[in-house]
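Listed after this line are the structures, all set down as structure tokens.
Two complexes come next, and they have one chain in common, chain A, joined by chain B in the first and chain C in the second.
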Partner chain A sequence: MEQILATTLRSAAPLVLVATAGVFAFRAGIFHLGLEGLMITGAFTTVAVAEATGSVELGILAAIGVCMALSAVYWWVIGPLGANVIIAGLGLTSIGLGGTAFALGAIFDRRGSLFTDVVLPRPVSGITSGPGVIVSEHSILVWLTPLIVLAAWVVLRRSRFGLRLAAAGEYPFAARTAGVNPSIMRLQALLIAGALCALGGAELSVGALHNFTENMTNGRGFIAFVAVIFGAWHPIGAAFAGLFFGFADAIGIQSQINITERVPREFVLMIPFVLTIFAVWLGGLWRRRSLEAEAGYAELREPDY
Partner chain B sequence: MTVPSSPASAGVPAVRCRSLGVSFGSVRALHRVSLDLAPGRIHALVGQNGAGKTTLAKVLGGLQAPDTGDVHIAGREIPPGDVRAARAAGLAMVHQHFSLPPSFTVAEALELTAARPGGRPLYRRNELHRRWRDDVAEIGGEAVLSTRIRDLPVETRQSLEIVRAMAADARILMLDEPTALLTPAAIDALFERLRRLREDGVTILVVLHKLREVAAVADTVSVLRDGELVLGPNEMSEVSQGRLSDAIVGPASQADRAVGVEAAPGAEQQTLLELARVSSRASAFEPGLGGIDLSVEAGEIVGIAGVEGNGQRSLVSVIAGLNAVTEGSVLLGGTDVTRAPPARRRRRGLRLVPFDRNSEGISRRAPLWLNQSALRLIGRRRRRLPLISLRQYKRQAATEMDQWRVRYDAVTQPAESLSGGNVQRLILSRELAPGLQVLVAAQPTRGLDFSATSFVRRSLRGLRDAGAGVLLVSSDLDELFELSDRVLVIYGGRIVAGFEAPYERRAVGDAMTGARR
Partner chain C sequence: MTGGLQRVASTILLVGVSFLLTALILWVSGYRVGDVFSGVIQGSMTATGAATSSIRWAIPLLLIGMGVVIGFRAGFFNIGGQGQFYVGACSALVVTLGWRGGPAPLVVLCGTLAAVIAGLTWSLLPGYLRVRFGTDEVLTTLMMSFIGALVLQYLTAGPLRNPSGTGQTAASERIPEAFRITDSSGVSATVLLLVGGVAVLVWLLLERTRFGLAMTLVGRNPTMARWQGVDVRRVGLVNFALSGALAGLAGAVELYGPAGRLVTGFSPEVGFTAVVVALVGLLSVGGTVVAAVFFGGLQSAILFLPIVTDLPPPALVLLHGMVAFLVTVKFRAVRLRRTGPASEAPTG
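Up next is the complex of A and B:
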């Protein structure tokens, strides 16, 4: 049981970080399907720069920079250029998945994965029995995640910036009459989301593991996307949704180890996804909330005439 | 062209603009508009749909950058299209469409617009409440602060827009068609409020449609026509009603065609539309219907009066076949259509002018000709082949729209490119085509200008005289009294009273507010 909870935290942290990124984007009216691409880019950049410089901090800073730059490009494509948000988001994901695999070969001449010894510090480690196992062996980012979520809540729900962001997403006309440029608000939301995705990717590669592997995000960006909807666009809600999906993941992993003899492996692997479908259905009960940013989304689809 | 005027006023004009010009593509929205507004007075701006009133208001408020010309507020030049600069100079605006985000609480919405760079970035809930408590004293006090905008009644939302505008210490208040959504009582309250603001020295510019309202509240009046300022600002006492109407409509306005329908032979004294104990489920915005009995005979106009949100939309939806009936039955020309889909009702001669013309009356992206010929497409004419001739449809649509004086460039342009009044004309040109038996008209003149309004009213009367039945749903009591043979009052999803001419305004008003049941 302790092991399951420990794995839950480890699986959930990247999900929660990326879901928080999704909340920022969604509040600004952007259905951000590029989360996955940003996440894997963050994972790769961290490992690559950390391995090259020997500094994990530099790796994370580089990842944040690259992901924010990609987010700015995404904003430029869906905003000023007027491309479809969904298609451009999926394009961003493809670029991230393909680009990191390509860069792995082109820069490091590797296929499959890249190992590194430069990883994030783990404040508590070495505990092998008792309830202490739950908190042991987690990277510093796992410990920081609750603080980041709390900060996101303050920014979104208790700051003037958050009000402007929500107005831009929900009712761009209201933002405009308040002297706020909705397009600039969207850019800011996307930049924040980019930075959070970089952190999520970094936790995946140098927090929980010691390597970057092609397609290592394995759909986590999309699960985070679901967590945003499940969490009713609220940072705390999305965090708990991410925790729930992390739990589902942990059950999958643990039961693979323990019960594969009796139950077919494929069924065990299905568990997280079955739970996800269930969660999405449950999330539908809060549908009214999810309509809130639709005007912002509509404005992106159909700009002013 | 521009009539040079502006009464000699002490000091600088509150608002001054010089040769403003704005074009949207090939359409000229404003052309060389110059205007001086004296401080401390109520100025009315009138004009037909598409005359450029809203555009002018937006330019003055900094929401729209002009192509040419400049704007000075209280003597200071405002950079084009800068909302913040206009606000800093003391100008606040109440928009035609509500401008507060529906999911925000009142306190959050007020904070959104008041937030200025330099204020503390974070806030606490009770801090917001303390700050805005006094501003909302008139519209319900502190309790209203935690209410969400979408849960507020229309009147309160409007008042809140004014509160929000005045909270910025505005010295100049602009209101774009503030009366369009209000009941007569709420309009009176609004005008009273404007007069009190004038006492405090606030300059007010209000865009209005109805000359009666202009006469009731304005000190001066200006008229826009086709994007040009053709009159004013003139003192109200200096201009006659007739001169004002002429200025609005312009010279040699061609007469609209009279509307005729082919009255079905022997249709006299036949019940065309009947609702028997009809109930429906409540929607997000309105109570459901609670057992409505109603009939419309051939050759009569039945008016439905009521404060907005008392089931009018449900009623129209149920008749149109868009909402399910939970109990009771709907009959068209004696045939039960309770479960019939909308198209079948249409073929039986039901026609509909819906509440929200942009979302329910047209397909926004579809070309004009397709919108115009939608009814012909569901018609059941025997053809040898189930094919249509595009060229013939387009030509016929163009003919119809020309007859209804819809202003457009090409039949292939999307319907959403038309202005509000033109969209209504487009809808009327489609719905009032031959074959009509019953017309359900929901707010058919809302937001329409003077000449379009009288045109629609003439058309409704024409329909009645030709033997059709009309159900007129309106929040404009004058309109109901003028047109209706009977007026029914809807309250809380029920018909609570019925009146016949001569109407007593007071009694109808009491029934509308539920004071008399």
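Up next is the complex of A and C:
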């Protein structure tokens, strides 16, 4: 049981970080399907730079920089250039997945994965029995994740910036009247999201593991997006949703180890997706408005043809 | 038709820019772009079997892409083609392996029908939620897609796993040779006739029937379509059903055609690439055929390229990403959309 809880925390941390990124984007009215791409870019850049310089801090800084730059380009494409948010987001994901796998071969002449010794510090480690196992062997980013979520909550719900962001996302017309430029708000939200995705990716590669592997995010960016919806685009809600999906993942891993388990692993892995369909459906019912009716979303999602 | 021409020109330009950007990345990474280019030409057209291989990869893209065209025409972002494709292939496999003693034409027909129904069902669930409750279909089709991939993974690693198979990737048993509609090249007269027929039917439906017009109307402006007497819900349901059916059909063609068995996570990019194909084809049937052959050629080339240069397959994923990232850019938007706050009034 302790082992499952420990695995839950480790699986949940990257999900929660990326889900927080998704919340920022969602608040700005952006259906961010590029999270997966940014996350894997963050994972790769961290390992690549950490391996080259020997400094994990530099690796993370570089990852944040690269992901923010990509986010800025994404903003430019969907905002001023008027590209479709969904399609460009999926494109961004492919660029991330394809680009990192390609770069692995081009820069390090490797196929598959890249191992590194430079990893994040682990404040508590070495506990092998008792309840202490739950908090043992987690990277510093896992410990920081609750703080980041709390900070996101303060920023989104208790600050001028958060209010303006919500206005820009939900009702750009009103935001503009109040002297807020929705487009600039979207840029800021996407930049923050980019940085958070970089952290999520870094936790995956140098926090929980010691390597970068092709396609190592394995859909986590999408699950994080799902957590955003499931958590009603509230930072705390999304964090708990992420925690729950981390738990589902941990059970999946456990049942994989424990072959006698009756429920096939695939069915456990389906849980988040099935729940999400329910959540989106119920969410639409309760709110009496489809997500599509969100003005900010609609503004960016006008039919292209 | 200057508007149409403009769109064609801008799409070609955007695809060109995506290719240039990718070429730039290859060049910076130390690949000789000239070699890669000549490799692509050989691998998609001139080398032995290359043209056939291009067609083979174009077929699933075309079938799923047709579904995307139908969906997007009516304004439904049905992006779950991958999952619909998978459950289609899985159903055909279950039918075929379950009835392997049956007469070949009948088994293949039943399997194909099962595939079509499975794909249709996979698409209809999000479709129903969309038209009945207004549930966002981008998310639900995406989720159904992930679930479909897990269904495939479960079947190939569990009940239908080839017991004598070795190696790490789970794969199903092979279907008997008698049930194959092509050899491993994936191209035969039957398949070409089938795909050609489907393309013609979709074209007729979209461009020459009232129902196709109703779909386009719903896509342009659902409210106005309703005022004009279009049953938006019915149109929506049929729309989702058709998209899913085509993707399911693509799954059956893959199984009975080139694949002959299912491997977990096969063709992982085909659903997304089909969306790219449909968008590059400007959501027209003719355009989608051209785009499918083009991207099928690239797929074929990337498999051939290791012979010429050591370009890894992820480069193609990168290229697809670039095209998707840029292809919906609207040039007019840069200037004309800044007309003032009126354009930002809520539309929903």
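The rule we apply is simple: the second predicted complex is superposed on the first by the 266 of 305 C-alpha atoms of A that agree within 3 Å, B and C clash if a C-alpha of one lies under 4 Å from a C-alpha of the other, contacts with A are read in each partner's own complex, and residues count from 1 in each chain.
Here is the rule we use: a residue touches a chain if its C-beta (ideal position, glycine included) is under 8 Å from a C-beta of that chain, and two chains touch if they have at least 3 such contacts.
The model shown is predicted, which means the values in this text are computed figures rather than measured ones.
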Practice prompt. Quick one: classify A:S94 as touching chain B (first), chain C (second), both or neither.
Written response: second
Discussion item. Looking only at chain A, is it chain B or chain C that touches more of its residues?
Written reply: C
Fill in: Touching partner for A:R158 - first (chain B), second (chain C), both, neither
first
Worksheet item: Looking at the overlay, does A:Y171 come into contact with chain B only (first), chain C only (second), both, or neither?
Response: both
Practice prompt. Pick one for A:F267: touches chain B only (first), chain C only (second), both, or neither.
Written response: second
Discussion item. By the touch definition at the top of the document, which applies to A:G179: first (chain B), second (chain C), both, or neither?
Written reply: first
Item to complete: Name the contact category of A:S55: first (chain B only), second (chain C only), both, or neither.
Response: neither
Item to complete: Using the superposition described at the top, list the residues of chain A that contact chain B and also contact chain C.
Response: 171, 173, 176-177, 292, 305
Worksheet item: chain A touches which residues of chain B in the complex?
Response: 24, 62-63, 82-84, 87, 93, 95, 97, 99-104, 108-109, 111-113, 115, 119, 121-125, 416-417
Worksheet item: What part of chain C is in contact with chain A in the complex they form?
Response: 25, 29-31, 72-73, 75, 77, 79, 125-126, 129, 133-136, 138-140, 142-144, 146-147, 150-151, 153-154, 157-158, 219-220, 269, 272, 275, 279, 282-283, 312, 314-330, 332-334, 337, 341, 344-348
Worksheet item: For the complex, which residues does chain A have touching chain B?
Response: 154, 158-161, 163-164, 166-167, 170-171, 173-179, 292, 305
Fill in: In the complex, chain A residues that touch chain C
31, 33, 37, 74, 77, 80-84, 86-88, 90-103, 105-107, 111, 171-173, 176-177, 182, 214, 219, 222, 226, 229, 264, 266-267, 269-270, 273-274, 276-277, 280-281, 284-285, 289-295, 298-299, 302-305
